[in-house]
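Should a chain be cited, it is by its letter among A, B and C, assigned in written order, with residues numbered from 1 in that chain.
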Amino acid sequence: MTALLLRIRTLIVKEFLIILRDPSGRAMLVVPPIIQLVLFAYAVTLEVSNVGVVVLNQDSGRHGTEVAARIEASPYFLASVERGGFQNIRISLENQKILMGVVIPRDFSSRLEKGTAAPIQVVSDGRRSNSAQIVTAYLTEIVAQYSLELAGRLEAGRLSARGQSLPGQNSSSLVHGVPPPPPTPPVSFSARHWFNPNLVYVWTIIPSLMAIITLLMTLNLSAMSLAREKEMGTFEQLLVTPLTPAEIIVGKLVPAMVVAAFESLLIYSLGRFFYGVPMRGSFPLLLGSIVLFSFSIIGFGLFISSIVKTQQQAIVGSFMFMVPCVALSGFAAPVENMPAWLQQAVVLNPLKHALVIMKGVFLKDMPAGEVWLNGWPLLVIGIAALLFSGWMFRKNLG
Amino acid sequence: MSPRIVKALIKKEFLQVARDPASVFVILVLPMILMFIFGYGVNLDVGRFKVAVVMENTDPQSVSFYQAFSNSRYFEALAGRDLRAWQDEITAGRVRAIIVLPADFGRKLRQARSPDVLVVTDGTDPNTANFVRAYVQMTIMNWQANNRLEGGDGAGDLISLETRAWYNPEITSRFFLLPGSLAIILTITGVIMTAMVIAREWERGTMESLIATPASVVQIILAKLLTYLTLSMVSLVCCWFVSVRWYGIPFRGSLAVLLLLGAVFLFTALGQGLLISTVTRSQYHSADLALVSGFLPSFLLSGVIFEIASMPYALRLVTRLIPARYFVSSLQAVFLAGNVWAIFWPSLLAMALLGVVFFVLTLRKTVKKVA
Amino acid sequence: MGGTPFIEIKNLTKSFKGQERPALDSLSVGVGRGLMCGLVGPDGAGKTTLMRLLLDLLTPDAGTVTIDGLDSRKDADEIRRLSGYMPQKFGLYEDLTVVENMTLYADLRDVPKAARPDKFRELLGFTDLGRFQKRLAGRLSGGMKQKLGLACVLLATPRLLLLDEPSVGVDPLSRRELWAMVVSLARGGMTVLWATSYLDEAEKCDRVVLLHQGRDLFHGEPSEALGPVRGRAYALGGLAGAVRRRELIKLLGEPEVADGIIQGGDIKIVTREPGSLPEVPGGRFRPLAPTFEDAFVDILAGAGQTALRGESELARRMDDKPDDGAVVVEARDLTKRFGSFTAVRGNTFQIRRGRIFGLLGPNGAGKSTTFKMMCGLVRPTAGTASIAGLDLLNYPSKARGRVGYMAQKFSLYDQLSVRQNLYFFSGAYGLRGRAQRRQVDLMEQIFDLAPLHDRGASTLPLGFKQRLALACAVMHQPDVLFLDEPTSGVDPLTRREFWLHINHLAVKGVTVMITTHFMEEAEYCDEIALIYRGRNIASGSPDQLKARAATDRLPSPTMDDAFIELVRQSERAANDEDDADAGRGRRPGSGKSGGPGNASEKTDGSETGAGPAPAVALEKTSEREKTVALEKAALPEKTDGPETLMTQGKKEEEEEEAAPAAREGGKGEKTEREKKGGGGEK
């Protein structure tokens, strides 16, 4: 037993010496993740704060002006109010100068005054419909708000016009013998965003990046390590020593997991102390999740490593794994938007589970039971991948 | 400079590609896989959000309110009685929001007083949280408007938004994601393949044989360029065909324009690939560098998924150096809007300029030397 | 040599970043027009650098090169036009066919269309590639690839031919053919520069430039180099097994002896002074003609290379293994099939303790597969491989613990330092604590690695890499040492030092198994198994094999000659068998090829049963055709893994189209039979 442990220790020490030997190797562990962090943290945003919106106010009444002013004042996007023809909007939209045109029609105020419905036309660029939908949501809020206020005022006005006073004193209606229509006062509405009250984008991204950057770094490391040994001939040299395939795999697995933990914690510290993301959950739980996740990723990496012959094939292989992994993880687009069959298929995607766990533990203080519910597939994936690479190992020998 | 040498080299390149399963894979299969991912896996359409409507009292008003949500095309509403019971669900990510109707909701309405509705969203997904808030408000408005109409009380909805999305009226995210993804696909075939093929010649020693002959650097590079340009154009046409036929993406521009845009973009992408392989001369480093400088920017900084306008200023400047950025907006235009030359001209110019820079650098770096 | 030489090199110097000494150190040499000039030296001597400088593929730090009056830097294009260059790495496209490669180079070199058919026919005839025109270059055997490379270079009839080690990694037969091609095709005043590390090739050149560590140690006619060693070479014969090894160790300790090697049953020595011989009781020296290698070693030793010591410090410090003559390594009916292709069929041999066993054979003949099965790197399809009685299948870990392995390319961890490599490998073999530290220190001391122990393994000079690889393989005191082409690329002195250790280790009871392309190395073996077409076609001591290969034409063959002759005999026997299968009836075996009985000679019966080919067949089959058959048999050299088998079907179709001739594998035999069957089945 001790002989076994000592042999594995020898392998692990070797692996660390290789990773950490020269300054460039050490820099490779720190610099790329930081660059990726900065790049992702700023590039990956679905905010629309700088997209252009033109409000074409054809109405000269007060409602038109008021709505236009409110849209223009919105902090969520860049709006400007114009008068004049529609042609301008058409061209700007076509040339992607603006994302959206809002047209307040000529009779907007007069219709509202009459108490009839007054539509506002919104034309958006369907080529960027994602951003358009987000802006539309903001517009909806602005308009709904105004609408509510207006409804309240009109209601009040109508009631007083009919000689009725405020609700609650509607005894006079009984005089006419006709039950008055139930008044509908506006429902007041308040929204609270749990876990991230100001909806700061970077809060969401940092926990996701803990998983994604760890994936990028360790997958390559593990996919490459055996391939490199194969290319250099040291793999055969290993195989003729008393080391068994299982020991060699463990010797690759452990150092890569340590590196994975290091990368995660690097992103974690930068996120907490540089970006100020609050950590709400239990740190040991987070660490445990990272270990579980890295286990599944390295399993995959070693699997790739076991089927390729050269480093170049390894890099292509890990790329082929990485792209679907990231694209189908729920990071770029929600998993529940996928077709049902694809949602079932992405159970095999370790990153999908990891994102839920990382965000959950980091921001929501997800309880351990819930983490396990999302985490056990990682364990299964990792074990399956390792068994597979062990099998490939043996197959290579024969 | 005779065309004979270039012709001979091109013939050689084609023979090599035809016999290399990996090349065929990259040209024909990889694009299909990526289109599949973008066609099915990355869907940014606003779907139905799963929300819980917590009614502390089941009076008719509360139930009617709940029904407004369960009938909404934006929500999949679950009924609940207690906020605390749903807290874990939101933590686990199983519901996106909880809408809480206070116990006095119905009573206040009957007394014509304003009840307070609380909406709790999962802030860990700000995008969804925003959508949910806006749609909840809209749904409440509609509900009230309907109540007024049913009550015969004059005006229903006062102000409504009549939205129309040009070029993509159904607002299908696939319509803009798939054309955009062609830029990513051609970046991969263009940059990564070229980066690897020249490095391969250095590694296998064939370059040393080649440069010891009268063939000049320009001829060697030109042959590579023409070959991979042709192949990538085949790739582009395949992708175009599949987009239109299988994924049902409208194509409103002309194919000739698409090919022109593709050719100019590829010129740039291939230039980048050639430059990478000339600098590294090793397949391994080429692949690595091509992924970092080709794939990642085309994915993150080209505006396919993430809005460039929303990035910080410095990053927006960086995107100007990324050829895929210009190609993405042109592709989306040529598919969905038609031949919008106001977009195409500046894009073509920018791409061509970047391409020229890459080639000048490549020619400067490729000397007929082995070290 | 009158007038200005064709190539004139003056004070040529070239250094590379990160290397202590220049790759070429102010070299000044002239080569006359129309001469065949051998450029000789071990790896890293500067041969490739010189060739690249001639073609302006590198820029010199100082000095000039003039080729036929053209300046190598200013007129590079012109020089490239008039010269043909064959780089060391196979520079043709492996995924193009033979003819496609030739057409490409004909286009690049502007060979007129009208002249092509004749030219192609001539070259294809010479290279014997005519039947393989449609085969992918990557599917050719090592020797054929080199011939194709040569053909492509000769397409445009260059005036200067630069060949960078065309014979490296090529078996003796193909090496001879390449040489013959150059000699017969390089006519009409073509100047040839032939770089090689094979000294027997250099000996045959008109001129020789001997490079070592970037410096010119000698240039002139080869016979001039032999002058100083004339009358100093002797052979001591008639010694058996371990005795000659002990004797050599002793002789190398004598002050009179400058150099010594084992040649089969003989010991060959070069004395310091002509005629002054050491005393050997009962021994009888007979004078030998010196070889170019003797001269090279002499020159190197004169240039201050470390002199040989009599004893191996390494072996001295190793524990003695019991001298019990037990069988340590055993292969029983070892067979390996990859799909339908049989790489190794029914090999059986035994190696007793303290003996040196050599596996020889052309590329792709199955020797490396055999070797890998013995190391446990490849699982046999049938049969067993055992080490010290432990079956490699049942006790792999335990069995491997008793083996030391030195791979072809000295597989060390480049990213680790010398010391870290030593620690890692000793740890992998289970050494630890004080014992581990002691062994590592000892190795550093024995191999002079101590001053370098912090250096990365990748930055070591080749000779030190080899020492380190040997150190890593022997630290755990293995019973068995497996060596896969252990000395390729190193200079003869380093090779001698290596063999000093191996010899002495064998004396101490370590059992050695080795593969090699160097026939000088084969001479050190007690026993050799010649593997061809997956079979053990001949085994015995070097002298036995030489005796078996002796013909009237060549009564005392060298090991090279023996190799070639035995392979040809086997080829004839195979044809014979096919003929017999085809219904002609088996000729009675003459027994000529059956070697004397030997402990290890339990091989398949094919060789003993096979007689010489029938006279008719012999007449029909010209020497050349036999060679082709040999090349073809050596073809599936890449068929080492299952993945190539997926392409096998397609490949076979191609082959059928291109070459309906003898091939390896079941299908091949069938085609062969069909072809032969002209007079048989039909």
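Here is the rule we use: a contact is a pair of C-beta atoms (placed from the backbone, for glycine too) under 8 Å apart; a residue touches a chain by one contact, two chains touch by 3 or more.
Every value quoted in this text rests on a predicted model; they were computed, and no experiment measured them.
Between the interfaces B-C and A-B, more contacting C-beta pairs are found at A-B. Comparing per-chain C-alpha centres with the mean over every protein C-alpha atom, the closest match is chain B. One finds 60 Å separating the Cα centroids of chain A and chain C. Between the Cα centres of chain B and chain C there is a gap of 56 Å. Chain A and chain B have Cα centroids lying 15 Å from one another.
Shared contact sites, meaning residues of chain C that touch two or more other chains, are absent.
For chain C in complex with chain B, the residues that touch the partner chain are 16, 52, 55-59, 76-77, 80-81, 83, 85-96, 100, 103-105, 107-110, 136, 152. Residues of chain A touching chain B in their complex: 39-40, 42-52, 67, 91, 93-96, 99, 112, 115-134, 136-141, 143-148, 150-151, 154, 158, 167-168, 170, 181-197, 199-201, 203-204, 207, 311-312, 315-316, 319, 323-324, 327-328, 332-334, 336-339, 342, 346, 356, 359-360, 363-367, 370, 373.
Remark: chain B residues 2, 4-5, 7-9, 11-12, 15-16, 19-20, 204-206, 208-215, 368-371 touch chain C in the complex. Interface of chain B with chain A (complex): residues 22, 33-34, 37-38, 40-47, 50, 88, 90-93, 109-131, 133-138, 140-141, 144, 147-148, 151-169, 171-173, 175-176, 196, 283-284, 287-288, 291, 295-296, 300-301, 305-307, 309-312, 315, 329, 332-333, 336-337, 340, 342-343.
Within the complex, the chain C residues that touch chain A are 375-379, 396-398, 400-401, 403, 405, 407-409, 411-417, 420, 423-425, 427-430, 432, 456, 482, 641-642.
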